[in-house]
Amino acid sequence: MTKQKFKSNTLPSLVMIGPVVLWLAFFIVIPLLYVAVMSFCGIDEQYNIVFRFTADNYKRLFNANYVQIYAQSLTIAALTTIICIVLAYPFSFFIARTLSKKKAILYMLVIIPFWTNSLIRIYGWRTFLGTNGWLNNRLLDFGLISSPIDFLFKPSATVLGMVYSLFPYMVLPLYTAIEKLDKSLLEASADLGAKGVSTFFRIILPLTASGIFSGSIMVFIPSLGYFFVSDILGGGNSDIIGNLIERQFQSGNNWPLGAALSMVLIIITLLLVKLYQKCGGDMESLGV
Amino acid sequence: MTRKNKKRLQKGFSIVYCCLIYLFLFLPITVIVTNSFNATTSKPYMTWKGFSTDWYGKLFDNTALLESFGNTMFIAIVSTLLATAIGTLAAVGMYKYKFKGKSVIDALLYIPVVIPEIVLGISLLTLFSNTNIPRGTLTLVLAHTTFSIPFVVFNIRARLSGYDKSIEEASMDLGAGRVKTFFNITLPVLAPGIFGGAVLAFTLSIDDVIISYFTNGQTKTFPLKVMESIKSGVSPDINALSALILIGTIIFVVITQSGVLSRNK
Amino acid sequence: MDKKVIVSLKNVNKIYDGGNHVVKNLDLDVYEGEFLTLLGSSGCGKTTTLRMIAGFEEVTSGTITVEGESIAEKEPYERNVNTVFQSYALFPHMTIYDNIAYGLKMKKTDKKEIAKRVSEMLDLVQLGGFENRYPSQLSGGQKQRVAIARALINQPRVLLLDEPLGALDLKLRKQMQLELKRLQRKLNITFIYVTHDQEEALSMSDRVAIMNNGILEQVDIPEKIYEEPQTQFVATFIGETNIFEGCVNSIKGKDIDIMLETGYVTARSENTFNQNDMVVISIRPERIKYSEQPKTGFALKGIIKEQVYVGSVLKTIIVLPNGHEIKIERLAGQKIPVSGDVYVYWDIDDAKLIQSESNRIFNALNNIMFT
């Protein structure tokens, strides 16, 4: 009986699971293995990859210029994450606490801007903030400034672009966590004599910390790789790890070195995800 | 201050704050839409030269741009269909059957979600170049399908958490076979989740820059076309097309969402 | 005994933003140390009333005073009342100890003092040894006790309880009812208790306030609520009853003859009625009698439709010619005719006469028009 049942489940489970297993194997596992192997390869004078084991690429990772860019990239990512938390928390709180009918619309309004191509939106910021841009022109028109302000082509501009690009990824988990918060807990806290500030730090913040964690993961990690943001707004003055990798695979044409740089990103990602799980983070809240 | 006024003040503050955030979110959109009506014809198309709808007309003469838009739509549709089919089977299969290595599949599914896109992009580039698969529409479809599958699976899984297995047993008890049960019972019940996943896959695909950038070969999608043009200044016809795509997406999502919502009720 | 008013609601109204008028012209005095229950079905305004006292909802008009002081401008955290929530509202990320200590921590009480009082509280609710558990590790009844301990530790003048036993099963509920009553007597704190369970209300309370559609129908001790309902709603809401609508035919002292659609009956009332007043008679099933012969003062004939034994009680249904059904309960074992025509009657003291709603409206209109 059990054997028969086992048999009858084998075919359907193969049909259902088979495709995804094959797909993941071909397009996730094998490519990442390639990258790992390649990071230990060298190149010849014609920039062809030569398959011989070497740790040279990893040695080059400690080049001072690179280290400085890692530091810059991590700083930009950290600032982006912190600014996103600070901006998105009160915002998510307000929209999660409005009446249910309006809530869906307010939430949609956060998503809608992201249906426009992300590059062109970042470019929109450049049009707005450039020395000949709209903001400077208006400020000049009104005589508020005498010469245009340089907003662009510095790390702060890159941070702005990152915050803008990743803002919804912070709002989503925060919104979910805040919406789950039982209103009667806040009432109970007030009832027991806690003022707004105490209620916030003792009840609201601890109970929505999970949202802050998942939001931070979803903002911090991508902001290490969004090379186009620093390309468009940072103008080469605020490179991030993503720029380093992109260059090796395009103009620099040193794929093994690019692979080693990618391994750095992979390791950072793994460490952060492990840390997240250790803090009790739920993987499911990272999806979507 | 009275309690009532205090509450009003708090409410007023929260409204002002939210408006400022929305202003921040919509500012570049405003720039894009405004610039699509810019009469300017000289690079880098940044200064305002008066209102004109010319660029919307010129857009339809720009065959390269239209072609890139066509590529984007084709790749989005094909990869969404593929990802939805594979993702739906996987989500249901993983829910129904116990087997070894399930947690491995799960972990693999999270890779495209958490890993920086650039890593996925270069790893696929490495794969295609090592296996001599010529880069173009095919590789773009494969790449887009890869990053879309997890989102479809997770969307359906969220739906499955409230799924009553006994309705399938009831169906089989009433004489329907496995395949019939899957198509008549399982799929319709999961339809909102499947549909939500598909919509998400579609929007991710049409907006993808980084992964397409590494896997495209000669095929240019719309985002890649934008990327090319950024160096010399984005011309207003690209803004015009972006505005049209935004409006199209809004209409599409509003229709589909209201459809899904009314079905859920 | 002169009782001191502790909570007083004067002409309180609550209208929500959508125009929903949930509490209408509510006047209610709660006395110090009493157990008062707000009873009514869901949506009658009882919970809203409680929340207005706690400070979670604002009063649209009218005043609420606690110990003679208006609380309109006091935030919930400034009010000397505490609440036990329906869902318990225990802080899930805190231990039982921290949950109970919360109120004292907010008052910046000395740590030793907190420890001492928390352990007293835990003993009081019989949860000694549970300090380090989390709410998710407790059963429903235990959570309930923690919620009560947490609210009581601040030594409030008034404890507000919003359907605190609603989520418990029947057996536990009975047990907690007794325990709550015991606590209230022991601590001598005023309890304002909200429930929709009339049995709970009648068995625990010193006084019961019955609300219907935002209106306070009657406030009285439980016996009087049952025996002397002042409105038709109270009569039908509390326990089972038979309702007859009729019209005052003649008045002989306190005895009042009433015409019904299918006969006439007699009742006695301390209240004054006028001839031709529309009235409602409420009479409990156990007080209705019937016989094969008509009795003086009564002419109400019906047919026995059904008789069912329910353990010690015999339930009988008599149908009047107009289709109206009368429920009767008798202790089983008495001799009674099983079928055929019977005459319905009662001891005239047992029937309660209530002015019918339409009469009240009519009188009110009269007052407006002729004064």
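The first chain written gets the first letter, and so on, giving A, B and C; residue counts start at 1 in each chain.
Criterion: a contact is a pair of C-beta atoms (placed from the backbone, for glycine too) under 8 Å apart; a residue touches a chain by one contact, two chains touch by 3 or more.
Remember, predicted model here, so these are calculated numbers, not experimental data.
Of all chains, the one whose Cα centroid sits at the greatest distance from that of chain A is C. Remark: among chain pairs A-C and A-B, A-B carries the greater number of C-beta contacts. Between the Cα centres of chain A and chain C there is a gap of 57 Å. Averaged C-alpha coordinates give centres for chain A and chain B that are 16 Å from one another.
For chain B, the set of residues that touch two or more other chains is empty.
Within chain C, the positions touching two or more other chains are listed as 75.
Note for the complex: chain C touches chain B at residues 58, 72-75.
Of all residues in chain B, those touching chain C in their complex are 2-4, 7. Against chain C, the residues of chain A that register as touching in their complex are 182, 184-185, 187-195, 198, 202-203, 206-207. Residues 9, 12-13, 15-17, 19-21, 23-24, 26-32, 34-35, 38, 87, 90-91, 94-95, 106, 109-110, 112-125, 127-128, 130, 132-134, 164, 167, 217, 221-222, 224-228, 232, 242, 245-246, 249, 255, 258-259, 262, 265-266, 269, 273, 283-284, 286-288 of chain A are the ones that touch chain B when the two sit in their complex. Across the complex, chain B meets chain A through its residues 14-15, 17-18, 21-22, 24-29, 31-32, 35, 46-47, 85-87, 89-90, 92-94, 96-97, 99, 105, 108-120, 122-127, 130, 142-143, 145-146, 149-151, 153-155, 157, 178, 200, 203, 207, 209-210, 213-214, 222-223, 226-227, 230, 234, 238-239, 242, 245-246, 249-250, 253.
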